[in-house]
Amino acid sequence: MARFEAALARASTGFVPREHAEAIARACETASFDATKLANDARRAGTLAIPFVRELTAQVPPGAARYVHFGATSQDVIDTAVVLCLKEAAPRVLALARRLGDAAAQLAERHRDTPTVARTLLQPATPVPFGWKAAVWLSLLARAHEAFRRAADDACVLQFGGAAGTLAAFGSHAETISAALASELRLRNPPIPWHSARDGFARFGAEAAILAGAAGKIARDVSLLMQPEVGEVFEPSGAGRGGSSALPHKRNPAASLLALEASQRTPALAATLLANLTPEHERGLGQWQGQWFTLKSLLCATASALAAMAETLEGLEVRADAMRANLERTQGLVFSEAVSLRLAQALGKPAAHALTEKLCARAVQEGKHLRDIMQRNDEVLKILPAAELDALFDPKRAFGSAQQMIERALATWRGTAP
Amino acid sequence: MARFEAALARASTGFVPREHAEAIARACETASFDATKLANDARRAGTLAIPFVRELTAQVPPGAARYVHFGATSQDVIDTAVVLCLKEAAPRVLALARRLGDAAAQLAERHRDTPTVARTLLQPATPVPFGWKAAVWLSLLARAHEAFRRAADDACVLQFGGAAGTLAAFGSHAETISAALASELRLRNPPIPWHSARDGFARFGAEAAILAGAAGKIARDVSLLMQPEVGEVFEPSGAGRGGSSALPHKRNPAASLLALEASQRTPALAATLLANLTPEHERGLGQWQGQWFTLKSLLCATASALAAMAETLEGLEVRADAMRANLERTQGLVFSEAVSLRLAQALGKPAAHALTEKLCARAVQEGKHLRDIMQRNDEVLKILPAAELDALFDPKRAFGSAQQMIERALATWRGTAP
Amino acid sequence: MARFEAALARASTGFVPREHAEAIARACETASFDATKLANDARRAGTLAIPFVRELTAQVPPGAARYVHFGATSQDVIDTAVVLCLKEAAPRVLALARRLGDAAAQLAERHRDTPTVARTLLQPATPVPFGWKAAVWLSLLARAHEAFRRAADDACVLQFGGAAGTLAAFGSHAETISAALASELRLRNPPIPWHSARDGFARFGAEAAILAGAAGKIARDVSLLMQPEVGEVFEPSGAGRGGSSALPHKRNPAASLLALEASQRTPALAATLLANLTPEHERGLGQWQGQWFTLKSLLCATASALAAMAETLEGLEVRADAMRANLERTQGLVFSEAVSLRLAQALGKPAAHALTEKLCARAVQEGKHLRDIMQRNDEVLKILPAAELDALFDPKRAFGSAQQMIERALATWRGTAP
Amino acid sequence: MARFEAALARASTGFVPREHAEAIARACETASFDATKLANDARRAGTLAIPFVRELTAQVPPGAARYVHFGATSQDVIDTAVVLCLKEAAPRVLALARRLGDAAAQLAERHRDTPTVARTLLQPATPVPFGWKAAVWLSLLARAHEAFRRAADDACVLQFGGAAGTLAAFGSHAETISAALASELRLRNPPIPWHSARDGFARFGAEAAILAGAAGKIARDVSLLMQPEVGEVFEPSGAGRGGSSALPHKRNPAASLLALEASQRTPALAATLLANLTPEHERGLGQWQGQWFTLKSLLCATASALAAMAETLEGLEVRADAMRANLERTQGLVFSEAVSLRLAQALGKPAAHALTEKLCARAVQEGKHLRDIMQRNDEVLKILPAAELDALFDPKRAFGSAQQMIERALATWRGTAP
């Protein structure tokens, strides 16, 4: 808020005598405030701006005092102060998102040939490269990073309109002062004030929730893969990480927990901002006044989620052996699509699907590998020479277009502006 | 959290040597913590409980140290600490709600005969006593106060289950210790832990949002009535209240603003708690871990809203003259229901409705009072002797059952437990 | 809506000539409407009530027509119509909740001795009876069932106030007609109308979301337990259940999916109702007008979730052998609390925790059972005779207070009103 | 869904025999379904896709049947079907937004010199042109229109991955078939499937809520301006519009009501989509399965809001005389900023603000015009010659930068892609 008042004084130089403008700007740099008193007075005033300006004015030389906050209104200083905070917060959030994306990209590259099992509805589906799984994460991050950056740019706009929004206090100087103020604060100068057109924060909030959700998505997968019954990846270990206060043997997904915690709070916070779009007339009752609380909670949650997962993916333990073992444990069932499709070449899809279902059921029932069941099935052997069977159960032959998809996801990520 | 650990030590006396239990309890009273270090370690651990217990243990005499947090788990201490906070917060919120309700009750009584105009869809409808309007507020507060109290009672329950929830660490002592712990903390002891059955906080959060909404409803009406074009009530004035940083003449609805601000943030916060009901297995990833953030924001918002409106209604300026003037300004149109109903006795509802519509349209068009239009209308005069006309335009005769409704609302409020 | 108008006519008998009241009531039973026309006219009118009453009136004998909707307002008929729908929907939802609770109770009883592993943060924690897990579900359902029933009762209240809420049209007949109308419709008659005091629907919506969340919680656990890597329970199978359009071998948690889908939509729907608490004056713009859409979506989602899980728990396949095998696969690590506590009797908690951590680490590292590691550890053998070791690894001895908790949860459920 | 299956068959030509592909595509055009049976079977299957494909297959010639849905999975057909609906809905929503924006632009132009009073916190602030108020609406619409269009483009992407997302069923044909399918359906082909990366719908949902909010903002202002105590604008009248079922004289803001109703439901619906970002692994449980319900409610609400306000602004009655009268009724108080600023040239801001506050208070107290008070105040007269006083109270001299702002808002709107 003090930065706004300082910049306003400087931008008004000419309109305001230079020495007074400078005196105000200097006072803004050193002014101190009694936070508790401000808070109490703010409740009475209905806005923090009034006691803030009063306290600031008291710290300005008498001659200059008359020019403090000149021509501005409460919402100008508060909205712009929020924007100045967002402008510093956004690059820090983006840097965390980039770290997370870079780590996902590295996993996508490194594990482009590491077979693991895709899981749909929590059931093993077909073999995929673990790198492909990371590439799906990456594709989400690439879009979310890009869109958050754009939304942050769009939200970081000067708010400056004076009493009702028309800058009436400045007469013919208004346009010049407005431009100078934007320039002082390195903010964009909007075509018309947005006091009561609050889509910028709403859009920004939604994108923050999406970024948190992207971290949450990765956390969901990591925490599920860390189940000891699955055991395919592990968060990095180290002193103080993921222990239990009751159970010495546990290795908890502590970072994933943080990301999931945050991603569960962000959608509703974003909804609050989306519900603030209908203020009354030129300055509403209760919408903009609460947005800094909500934006703060939202950005802290997003940063928490991204930081936790960046650290996690950067040090992720990937157990290729466990992945392969889990593939094996499905007794060939995850190759049932390959089997069904191969049989369909001869039988058509419905018949092949039905036959494969029967073969799978038998494999499950007898606790045998699907390949073994097929080797003893006459219907199958009429279509498939035994020699061809093994190839059907090679994970890498079942990767489909995974490699091309990984390449494209990596290329998209590399093409994302920093 | 320290209160929990102290109470646990005391409750475990017998199972834990008395002198050690006492030593722990004493340490809990004086222990000090490095909040920043705790926060950083908590992120690594995934929970504040682990570093907290470690720091606490370091401040306990060596012999007793082995018994700190004995048999409990992280979630026990954190959930119960939240409950202990709620237990202190809830009566303070209720006291604010009671103040607000008492002030509404006083308005309902005092203004049971003060005519004002009811407004539906922001249009004047029919005359009602202003006290009846306050009685509607009161009816909402009575239900919300009662339900919040019940939800707070239901949520303020001990959480104590140990590693997985079965209190396995205490063997046959478990039931005794659990009961003693509940008694120490003056909390109810649940039939079975609620680690992963989190309806209590969800219900409590919803009721907090409803109480905030009740304050918001009153704020909505007060702020609309304070429009200078309406000018029927005013928030209490006084130094530092409701001024404007740009416009000296303004008298802003500063308290209503606070209540509306709060009531616009609470629904989404409550939704976050409602979305926390599906944790994984016996201790979920991310649901309970974030609830203290959300509950804190929620209760502060609710208290803010109630406090603002309690102060407002306690000092509300009611302008009976302005109310009457606004009734007059409708040129009798707000009596159109009375007119229509009276005419319907002769013409039936559809014909009466149509005739009244025509009369009203003429009143609007000619800028005349409806009574004057009627006095010159033959169709009307055939039905209604001119002498009867005046009575149709007496606000108090148009109050319907308002008095009985006010009485019942007051009785309900008086019957609400404190 | 027709039921309301019929009941209103009957309740007004005396005030309205009997034969006309009867004629209206009869017309209401047979009246037919052009839904598309109603919808289009409703948009123009801003409410469905106006074209509805017009169409209805056209189907009433001329003499009676004048009395249709007499003394009521749009919101009276719409709110009460919603209430009449809720009143029929609520018992159906409750019946589903009861089925689900009964099935959970049966599992709690039947499996009170079936050892399974509790999982905290998706990691195995300690042995518990599977019935205890079901008892936690049950405790949630018992509270949610009770609270939903109460909220439904509280929401199913007549709305009847006329133009502004004071029943001014009826003069001294108002109280009698209002009571008769409530009685006709078997609804409670409130002390004062709730046109603009909409906590009842908000509270009801929150409880619907909680019930859906309770079903979602069970679905979360079932779907995680159905992972083939875990394989401890299965949804009932049968024709058309849980298959895959691409993968013949899959056994998808199709019912859990439905419950999770629903429980993810309900919190935000409930938030919409919580955000409807601040209508303007005596009839707001946009709050009550949309609540039927939201309530319908909400109740359908809740019913969907409950139905899916009732059917699931009623036919749940519980694999006690898989549970035991998973316990075994932890190589004794889930008994680490028992071990740590036993060692703490000699060493104190910190030293015991540290020693147990070391033993567990070795077990993990060497891929051996914790018991085997302990049998070869001198520090352990000094404290624990080898003969005592086996008992430490008996799941049933590690159940703690589980049995008592199950009993209490069952008793609570049985004590819940039907 | 049938369009997807038809396009898939055509895209697979070569891989699938041409005559069979054609047979499937033809069947898709004429196939009929038993909706109730589909719904019931869908519940058992956990997805509509399975019974749909089964019913469709039954309507395809035997030879071709084996190729129906070949290589695709349930989520492919359902997600893409949703996208195909969005693709048709989005331009219709945008067309409504354009109508609304065009109407706002026309108001901004036509009323660029019509004085009205800006209202902040529901209190008169300073004079502004009514066209400037419309220009603020327009600036919001311009951004919301642009962002919705982009979000719709980004969301309308083919979903096609087969069993796990890698298109494994098609071997080396996958890339070609995928491209052909996208081309058939005129959808973009993504670099990698988005089965479990659901930011597109989340972003689209947020923008739909923002557009609805933009309509809601205009509705909020119109409904407040339509209060008879204000009476500055009116929704277009006409048969069946805005009447009351109880009160013949009322002119309700029926269209604004519709827009406010919708804008109060959309934030929470958008939140549901934002909460769907963390599905499990390659196909989640419950997130994507419910999105079509939510998207449908959301888009219908947005369209309803936009249509209502487009019609409203196109026919808005603007009462310039009432605006001027309301300005007059403030007794010059809305010129207090101009007064204060003019006095500040001599006294400095604090002293001028204090003096102005005193003058205003006197004006209020004595019920006189501020100008009259000033004319009798010595302190004022020392600074301001009486001749200068009148100019201070000319609304048009108090417009500040309003004209330039209007120009820029119009230019931005005209620059928005259609």
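Here the chain labels run A, B, C and D in written order, and each chain numbers its own residues starting at 1.
Basically, contacts are C-beta pairs under 8 Å (C-beta built on N, C-alpha and C of every residue); 3 or more make two chains touch, one makes a residue touch a chain.
Note that the structure is predicted; figures quoted are calculated from it, not measured.
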Tell me which has more C-beta contacts between its two chains, A-D or A-C. A-D
Over half of the interface residue numbers used by both chain B and chain C, so same, or under half, so different? same
Which listed pair, A-B, B-D or B-C, shares over half of the residue-numbered contact pairs seen at C-D? A-B
Could you please state the distance in Å, as a whole number, between where the Cα atoms of chain A are centred and where those of chain C are centred? 31
How many angstrom lie between the centres of chain A and chain D, each centre taken as the mean Cα position? 24
Tell me, which residues of chain D touch at least two other chains? 46, 69, 73, 120-122, 125-126, 162-163, 169, 219, 223-224, 244, 246-247, 252-253, 257, 260, 263-264, 267-268, 271-272, 275, 285, 337
Touching chain B in the complex: which residues of chain C? 46, 57, 63, 65-71, 73, 118-122, 125-126, 128, 132-133, 135-137, 139-140, 143-144, 147, 154, 162-171, 174-175, 178, 190-197, 199-200, 202-203, 206-207, 209-210, 213-214, 216-217, 219-221, 224, 260, 263-264, 266-268, 270-272, 274-275, 277-285, 337-338, 341, 344, 347-352, 398-402, 404-406, 408-409, 411-412
Complex contacts: residues of chain C adjacent to chain A: 120-126, 223-224, 226-230, 244, 246-253, 257, 267-268, 271, 275, 326, 329-330, 333-334, 336-337, 340, 353-354, 356-357, 360, 363-364, 370
Given the complex, residues on chain B that touch chain A span 41, 43-47, 49-51, 53, 69, 72-74, 162-163, 169, 216, 219, 223, 238-247, 252-265, 267-269, 271-272, 275-276, 285-287, 289-290, 293-294, 297, 308
